[in-house]
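After this come two complexes, each holding chain A, first together with chain B and then together with chain C.
Up next, the complex of A and B:
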């Protein structure tokens, strides 16, 4: 179950590159680095700006700035937001839990739904009803989450009045929170299910002509048994890999849903930061999302070792 | 036996249909994009009375600025498709180059290129584009370039594995033993033989690029001088189109995005599946 050292090296380099990008971008872009670092949402005299420049070490040489930057990263110091009036790391962490509350149930539901429907459809890929299902799933897969959210918001909240229009949920009990989360989680689940469905379907189609499947059939197992006892485990590996590899993309999908429903997670944080050009929050969010993406990949590597022991030896 | 042949025919027909439905939808939009200047009733920047409902002179009404929404939609096809195509061409050229070089030469080169590819894959692309687009002034070409330069790694992986599959086949070996240069072998032996993986991937990359452009523009990071469908959605959302239930404003651009992305995915996936059938995988 050990993760190979080559993999660990690769993840470390990925994080190193991403964090360095985060150092380079504000200094490379056109404009005053201090504006690129602080954001545009503050009022300050030239004097206090100069003072701040010194305090932030922006008059030092670039290599020293780079070392100071890493020093900050290791202390989990991602700067200060003038728009939200607080340290970036604690602002992001307080919003993160709401995003995870949207993301984690959706990932679990969609993994179950998508892999079940996808594998049945892959096994009976020539059946017309599964072809129709594939077209429907492909249509959902082609729909950006923000557009699906707009449609759902219009139908279920505006027209039918079943769900609240805005998603602020500071107060209220568990049922209130569930009421607010129902539509966003449904949309995220629909989107992710369509993705998992397409991946699982393709994967089962590839697996089902392999020799072990022919052997299982020859043993006299039924189609269902062959599918769920033999094919399923192998076919679900690509699903896991792609879930980790596209973690950033999946998370972005959730962020857009949060924006439409004015929810309290990272999506609206990024959106607000964008509208007020509060760059520190943007950089911090990018770094946290990157860390999460790399951790997701490491976690899947670990799971792979458990599911398929052949792999941990061969990587 | 005849029954079996009938089944096969049916299968062939339905396969053909899926692919051709995709091609028809896509060609329709391509035609709209090319002919936007001729078929569009007005200039998309011409101003009329704002917020009018659909009527005989404005088939889809007008927006907050008084622009004719139908004309915006038709010209938007041009903007969205150019971003999609341009980004996908860049990503495909990069991906194919990296994939072939690392799959053909293997060894150290392969190790390094694949390490770079893996690291690239882990960078959250949409958040990175959001930062870069926020720092620079939103620009149409910039967004196209950014997507192109961030979307190549998956193509590189697919191309690498197909290159590895054919590099040891007899026709490549015989070309080698005849003394052809690596460049010649790559360009005239390998490339034509992996076209069938590159083309569906190219289609799927256009879809993905258009999807991403729409998302970024929806955040208001699009080029204000080039109205894409994503930007139309952004304006409709920001300027009260949703709250005032003006469905004719925000529904058409969204549906157009879905239709084009859907058609490209249909083409891409059915080509990939046909490939699997030819390889005897189905």
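Up next, the complex of A and C:
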């Protein structure tokens, strides 16, 4: 597998632009950049502000500031949050693990479930039971996740008392974690599955009318073999793109679920930072999300090239 | 000896614009080691016959009649038995070789696929058999070609890949559905040679479906002429080109470049509003009153069969 220098250059440029924007935006905003970097709920005297300005290098010329900024980026230093009272990078890291624990299983389960059910349903698209399944999935797909979360909380936690109502802030034993994560992961899985199901079903319906599918059948393959040896691989390409987007949205996307289940994840962090106008945390989160999105896209690009030889040949 | 016998085959499609009678009362036989050409204009039902034999028609097709292959009625056997019959007994080649291949798999793997589906065979054996086939079909460097993908090969090369696939299990019948459609003259010549090679090494019967009379003349022993879902003439290829029986056959032959390039007058009838009686009567120079009232039966005359009242 060749690694294409063109592609690497493209992704590096994307990251460079994103990081530079992150430097420019707080300095372009009206007013003193120090307020933009401190957050608006933090008030201090003019003397300590000046002291801080010197400490943060804001009295230097812009090119020097820019170089210092890159120096910080490479040392994984995204500044200090006066609201959360800690370095931004360690705040984000400690919050990220909860979001990852919620989203990675959900994305994996929903990818498997959605693509399997979707492809079976796409192949037998005229069968009534699959039509009914499509209707159910459509209902889940069009229900907002926070609404689904509230219903699940009401039924399983409030009425049946099976699961805790609130999230947890300390890691307990493995059983405790599973107990707390069961509902949020289920809801996320149900939601993502319905979307993957729809995409996969449509993609299989489109693929199955192609001549190579008829020819595979003419070679003596059974319907199952035609589906899983031929159609599945070709039809899964659009889904793969979506999964990359999911990983990009990994750190912000579960916002509603995190709020409802009071989980200490990235979604909640961004929410709190927004409410208190804690810009350093917002910039830091923005950067992490961009890096994730770019990496996920690069990864899927690479996978695409492996799955579809036409793509790696055309670059 | 006959290997495939088709009796009173009718295929009807129910579509939103009405019922389409694609094939009506078709009966013919295919003999062992014979090449039989099924010739007609686009839309006359030739390909429908091919797909009916393979049981590859869509759900909205209504089929009646019998298709006997080695004594078994292909229209009655179970799906599982039909899967075993496909490719092992009867292989089909579609008109577009590049679209017939899955773009995401190496051509070698696509050639060896039937071996794994139908037989218990080791990877090494399958690889050897595949490269041998590729070599016979004219690939200079078979083990390198094995690794290629369909988009890296020309249409003509993919055609040879498809022919290799049809040969993997030495089927008794190969059905070729318009193998030369959209190809230029040079490539048609190549295909004629390739089919001759296939015939030499496989010794199977070939049902050649084409609108190309010169290809039929080059390859076939007998010829069937279809017009708008009806078989109008079945005869030996040699005598067909000397002395065609049906008025439509005569007009068709006159459309050949070497005979003056005279296209048939009028259009072939629409598949929904078919003329009553003999379907060719609106265009026929010899039409009689009875032609527009009743479909003529098939008459036998000097070894040929023709559906026309002129031979009553």
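The criterion applied here is as follows: the second predicted complex is superposed on the first by the 295 of 315 C-alpha atoms of A that agree within 3 Å, B and C clash if a C-alpha of one lies under 4 Å from a C-alpha of the other, contacts with A are read in each partner's own complex, and residues count from 1 in each chain.
Keep in mind that, in the parts below, a residue touches a chain if its C-beta (ideal position, glycine included) is under 8 Å from a C-beta of that chain, and two chains touch if they have at least 3 such contacts.
No experiment lies behind these values; they were computed from the predicted model shown.
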{"item": "Contacts of A:8 with chain B and chain C, given as first, second, both or neither", "value": "neither"}
{"item": "Contacts of A:104 with chain B and chain C, given as first, second, both or neither", "value": "neither"}
{"item": "Contacts of A:212 with chain B and chain C, given as first, second, both or neither", "value": "second"}
{"item": "Which of chain B and chain C A:162 touches, first, second, both or neither", "value": "neither"}
{"item": "Partner chain(s) touched by A:178 [first = chain B, second = chain C, both, neither]", "value": "neither"}
{"item": "Partner chain(s) touched by A:220 [first = chain B, second = chain C, both, neither]", "value": "second"}
{"item": "First (chain B), second (chain C), both or neither touched by A:67", "value": "neither"}
{"item": "If touched residues of chain A are counted for chain B and for chain C, the larger one", "value": "B"}
{"item": "First (chain B), second (chain C), both or neither touched by A:136", "value": "neither"}
{"item": "Chain B versus chain C as contact partner of A:44, first or second or both or neither", "value": "neither"}
{"item": "Chain C-contacting residues of chain A that also contact chain B", "value": "126"}
{"item": "Complex contacts: residues of chain A adjacent to chain C", "value": "126, 210-212, 214-222, 225, 229-230, 233-234, 307-310, 313"}
{"item": "Touching residues (chain side chain B, partner chain A) in the complex", "value": "11, 14, 18, 115, 118-119, 121-128, 130-132, 134-136, 207, 211, 214-215, 218-221, 233, 237, 242, 245, 247, 250-251, 254, 257-258, 261-262, 265-266, 269, 272-273, 276, 280-282"}
{"item": "Contact set on chain C toward chain A in their complex", "value": "54, 56, 59, 79-80, 83-88, 91-92, 94, 96, 99-104, 113-114, 117-118, 149, 151-152, 165"}
{"item": "Touch list for chain A against partner chain B, complex", "value": "10-11, 13-14, 17-18, 21, 25-26, 29-31, 36, 125-126, 128, 131, 135, 138-139, 141-144, 146-147, 150-151, 153-154, 158, 198, 202, 205-206, 209, 245, 247-249, 251-252, 256, 259-260, 270-271, 274-275, 277, 279, 282-283, 285-286, 289-290, 293-294, 297"}
